[in-house]
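So that you can tell them apart, the chains are marked A, B, C and D in the order they are listed, and the count of residues begins at 1 in each.
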């Protein structure tokens, strides 16, 4: 009997450009991007992916690549993969597609990754009003562990996962996405609370042909031109899964995806060696190329059986995730809290995003007392296995969000102690991260507590 | 040598009214509420508390008490307790007060609790636009386990914690609270995104003498009258800790509180047998009376050493929490996702509160397929050990929030399966919860997917 | 509806002698010891126990009490408790009795415990040939944590459990016990491998009237005299459960006991605040008085359904244990190994007891490099949450046993490091434990590696 | 900067015979077997191994290969590997060699394994007196999960580990091994308690040239002949580590080995996809070929600093293991107990091996009530992540050993319930395992409880 070796469905060559890959990649969502392979229910198969930027970031000590990154070309995805049952009938709209992540990891020979802060005027991140300049940290992997020459003194096991995995949208669903995101952009910053606080970030990225990669759609054709301007960008998670960035979606987990097109057309990419809840610096996980070994199952009619649409159409659903027993377990955590009062002291109403921003800022300031620069901590919180919780969402007017850091990832004891943290000559400086200049004109948020 | 038995500092009698307790309670924050006891650094001491409502809710099968609850009288707190070092010098402003939770539990003879939904026009909750009527569930405790005659088929270990614990504010901090919350109320609903979605809830509860309980402040005096109109309500968590509702703050945890007044003046109450992240139904934990065994330590000058204020003053800080090794560990979870698209299909910008609302709604709908009413699940998600995460907060325009349910708290397998959940005659109805009529006039949010 | 408070069935007064307790105790197993109370299936009830010695050990700094302890009077048990179903029919021989441990803890006002080494000629322990003199350590409890003035620098959460819990034997089972243990004693040391190594320990304790406590059996009667010489001692675990010393049998666990007599006649005692696997120093757990809150269920005919007897009769069975989700979880362990080669270098054949002895000795020597005396570590390994495993039992001729220590219970990092442990003036001596003189004549085992 | 890819030091070709491998293998311990490669401290390197039998067992449905396996040729090891510090100085006798297991797994293209019972007259296993005939089960891997067509209804994540890893012995240590094992064989069965119960198993396997594989030692030379008759067999774990079969020694763990020869000469093999504590059926883990990614560190003088020899020489030491944070965590266990009373009802004295045998027998009988044959369960307990504990080793005369099974690896609920397990037509038979005839003449142990 044959050993059960996963069948390769997509392979990549990280030395080649994204548009030169043996199996064509894509970086947009559209129902008409043709499958590059087909798998049967129950079959174990293997998919390789490039990193989300397709090789734009180098393992070096400069942040210039991070500063000038081209966002029109991301995320580079492997797929779509058509899924059929054992008799060859494809998954159909209305089914649920169960995808089990049996194994995954970095590509052999390419065992490294990066975490970055984007320039405030090129995408930015969650704290872009505090950290406007591009930075990066490079991570090397010792098996399950990651460590960085740019952030010494921390080492942690990766909870490897695909940041992005999803089924293809139908045309109807695609139209819904494009309409609602366009409305947001048109309504503009005035419509949003958070816009006042993160106001330099794009509200949404609407479809656009520039940088588009459409897999097997023949380039230069009228189809290509049409699809390129219709196809949705891949930045946000949506009804089809997509860029959910769920950090625990690792070995042994299952996802139940809604199926919107015949064959399901599963795509994936943006692999992370590790990520913190929120992925706060945006390019915030330890981004890498990698492989996944997957197994699918089709639950016929599962959408109606298990998902309740909520919204104007029956397509307004979300996938369900099942977490397995193989997470790293940390037994001690230091937890930082944030309430919905912003840096200027203004009271907001149950705004969990502002609360979480404050929790992250509190943690950055705290850890910077142990020898790190704030940029180092910002990058670290983006990618280490920290947990971001919505602890209280009803105690008007304050939402309470918390950020929990596993104590044992540090080589020093970071708990509060009588006498305070080591200071003066005893303090070991923990180096720094490569950072570019910020040449823009948008102001950095002041900490008024020190402006007095 | 004497056995190390905790010294009782506050005892309560649950058969008495809140204003008749042997040690006077308080339900407002104010620097001038005098201590009711004093403890030394290192000393193990015991504090008893009434439930947060002070006995307004009964162990019966009617939701009328929940409907007509008087919110002006909550939370009923035990304390303040003055803390000194071993030489008798009190904790001073600028210090950190470490409070270790050595043990805690329900009061012997009073081993039960309640979870409630408030009427939409009397406070409501996170999903009050979907669930406007008052409901409740009663829980009995078998040691570490809770079960409810109103929500059969679930049983889970409690992660007992104080929903509310904090130090007294200084006058300066109190003024900051009152000013910013007043500004929010005055600015009104137009100023908030969420106001459009939870628009019947009070934006904030401003100070008011009605229902005030001020401990040892002599009632009828001018001081009482002044303090009652200055003192802050206890609903939100704030810089002093307070009503943080952090569900993991159980046996073996430590909190590092900022000290704002001489003696620190620690108060606590609102004990929960168990709570889900978010405490979504507002009276959402398993609310109970209880006891705490605590130990304090003073970190002199710790505020400056460990906390970085962020805001207009040096008082804009938050406590830090350290989680211990004794949590119940669940190895399998079902995870529901929500994005910042609301029930009408409208796109919001990185709004984690809306994302979490959607994740909770998705979970309620899912679990209702297994024989439960939606009210039952709403109550269950408020109080069972579920985790609410901010998974992605940077993928414009969608924040991704997730709600993870431990699979093993149910007596049936709730995972998706081929063929769908049991239905028709095989479906076991899981009873219901006592629910009052909703006599208000505010509309319930429609699910447009079913309105087609 | 009434709150669900556990009904007290046995209460004790730790200030009274064991024979003066309000509810009579017993320290022997016999079918004719009458029940002291009755509980119904499903009912939550409470049992209090004295410590296993019945107050012979004091919270002081001398080991004289430990040296002269009277072993004829242990273990002091609470019960028997008769169990019936909801219609009043008692559990019957052939049934399984499920006992759920809903809660348990130290007795309020008596929050301390002790760990002891017995004199080599008064019972000894697992390493009595290395540690012949009596010693003790006193532990105080801060809620869930234990710490000792005699073993500074360690603090750990207790996994509280009853060392001894079991159903009453039938006369037939009692006769089997007495016959086989008498045969062992008569066959003598020549019959056992281990006798060569632990040869000063009693092989078994046979029935004897001296020190017997027989509950409600009227003292001075012929029945008393007869039962006292028939009744089994309580030291070993046997078919009825009994002194199994399973350290994880804590809150939320269930035991399925075989029922041998009408009513099951459940007894318990020997409560431990914490224990290491093996309880190596014999009086090795943190011994204490305490309370248990229990709930029973009767599985009619369950012995035949679930237990397969193995031996000459259908009574040769063992109980089954179900461990709950509430253990403390440690994520890092240091593991010591032992093989079945003894201290003289002699090879034994797959003898896991010798392997475990060697693993424990290896660990004692290792930890003594961090400032502790060997007696301190021996006591610590008896009572801290360490795990003893049979890792390999088939690789002839060596059984491989391992002892795993949770790293985080120490206030120093005990992992091997370049440069070795702190030594010389940097070494902090960790005090010592009170130890008596050893006045016997049996030789201590030499470490031949140092005798060269 | 170069990505940190592990450097291959030993590669194997599973299609080739063990004596035809590109890097020569060895199956004996001897100081003069020359290194096949060299690594530097801190370097990440990769070692591939064949399965312990070197390909003798096939992925088919017959147990004939298991019955006729040639034990003279095991274990097939990769190495020795010489370790130096960064300046090129080798590890020296008296140092400790830290080996970190950074990653490990099955060989790509060979993702399957086997578990076997050996014929009673060809090695047998822990329960060979109950199960004399050869059997086997084949396991296929879906990423981290193993499942078997021979034992349906179970699936569990592997805790992959090397069953055998160790440093080379010095000549002095080798002589000690050979002398003590020879003495055991010569003293014969009369000297051992267990011999009466497992009397058909070899007491030890002494050196012998038949089947020897000696790596780079040139075959046909006088050196080869001499070394072959001196070199120790690899079956037992010994002072150098070796075949310890510690099931938790997986990703992220460290081992601190004593160094006995210049360069340390590290060898390894016998990879297990998963193993139960005890590896009871002897060929009991899920045996497979595989790879390891390792990193070494040299602790100069570490043997004296950290290990205390116990025995006639300073070489009588054992390695230390450090377990990492990445184990699968199961939250619910069913625990079976065994006491030192054997199947004939005879009382033994604190014999943990007999207690563990009884615990395993109790578990086999229990699980066979759920549709499995006893052979299936025996194989399952050998390889699934079950834990074997020495719970009590001092309660004369009974040692108490326990075996804990994670409940969630089964597709049915195996807990005791009212009414008993499903029986009669409702019972689903769970197939069987391929089993050979037992043609020997040694009697099977009777269960006297059924012989009445």
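Quick notes on this structure:
The definition used in the following text is that a contact is a pair of C-beta atoms (placed from the backbone, for glycine too) under 8 Å apart; a residue touches a chain by one contact, two chains touch by 3 or more.
Remember, it's a predicted structure, so these values are computed and weren't measured experimentally.
Repeated interface, listed pairs A-D, C-D or B-D, reference A-B: C-D, with more than half of the contact pairs matching by residue number.
Contact count check for B-C and A-C (C-beta pairs in contact): higher for B-C.
When chain centres are set by their Cα atoms, the one at the greatest distance from subunit B is D. One simple way to say how far apart two chains are is to compare their mean CA positions; for subunit B and subunit C this gives 41 Å. The mean-CA centres of subunit C and subunit D are about 31 angstrom from one another, to the nearest whole unit.
The mean-CA centres of subunit A and subunit C are about 51 angstrom from one another, to the nearest whole unit. For subunit D, the set of residues that touch two or more other chains comprises 324-325, 328-332, 408. By the touch criterion stated above, subunit C contacts subunit B in their complex at residues 1-6, 44, 59-60, 100-104, 108-112, 138, 140-145, 157, 251-252, 293, 295, 324-330, 408.
Within the complex formed with subunit A, the subunit C residues making contact are 328-332, 408.
The touching residues of subunit B, counted against subunit A in their complex, run 96, 98, 125-126, 176, 180-181, 183-184, 191-195, 198, 201-205, 235-238, 243-248, 256, 277-282, 284, 297, 299-302, 305-314, 316-325, 329, 331-339, 341-353, 356, 358-359, 361-362, 365-366, 369, 387-402, 404, 415-418, 420-421, 447-450, 452.
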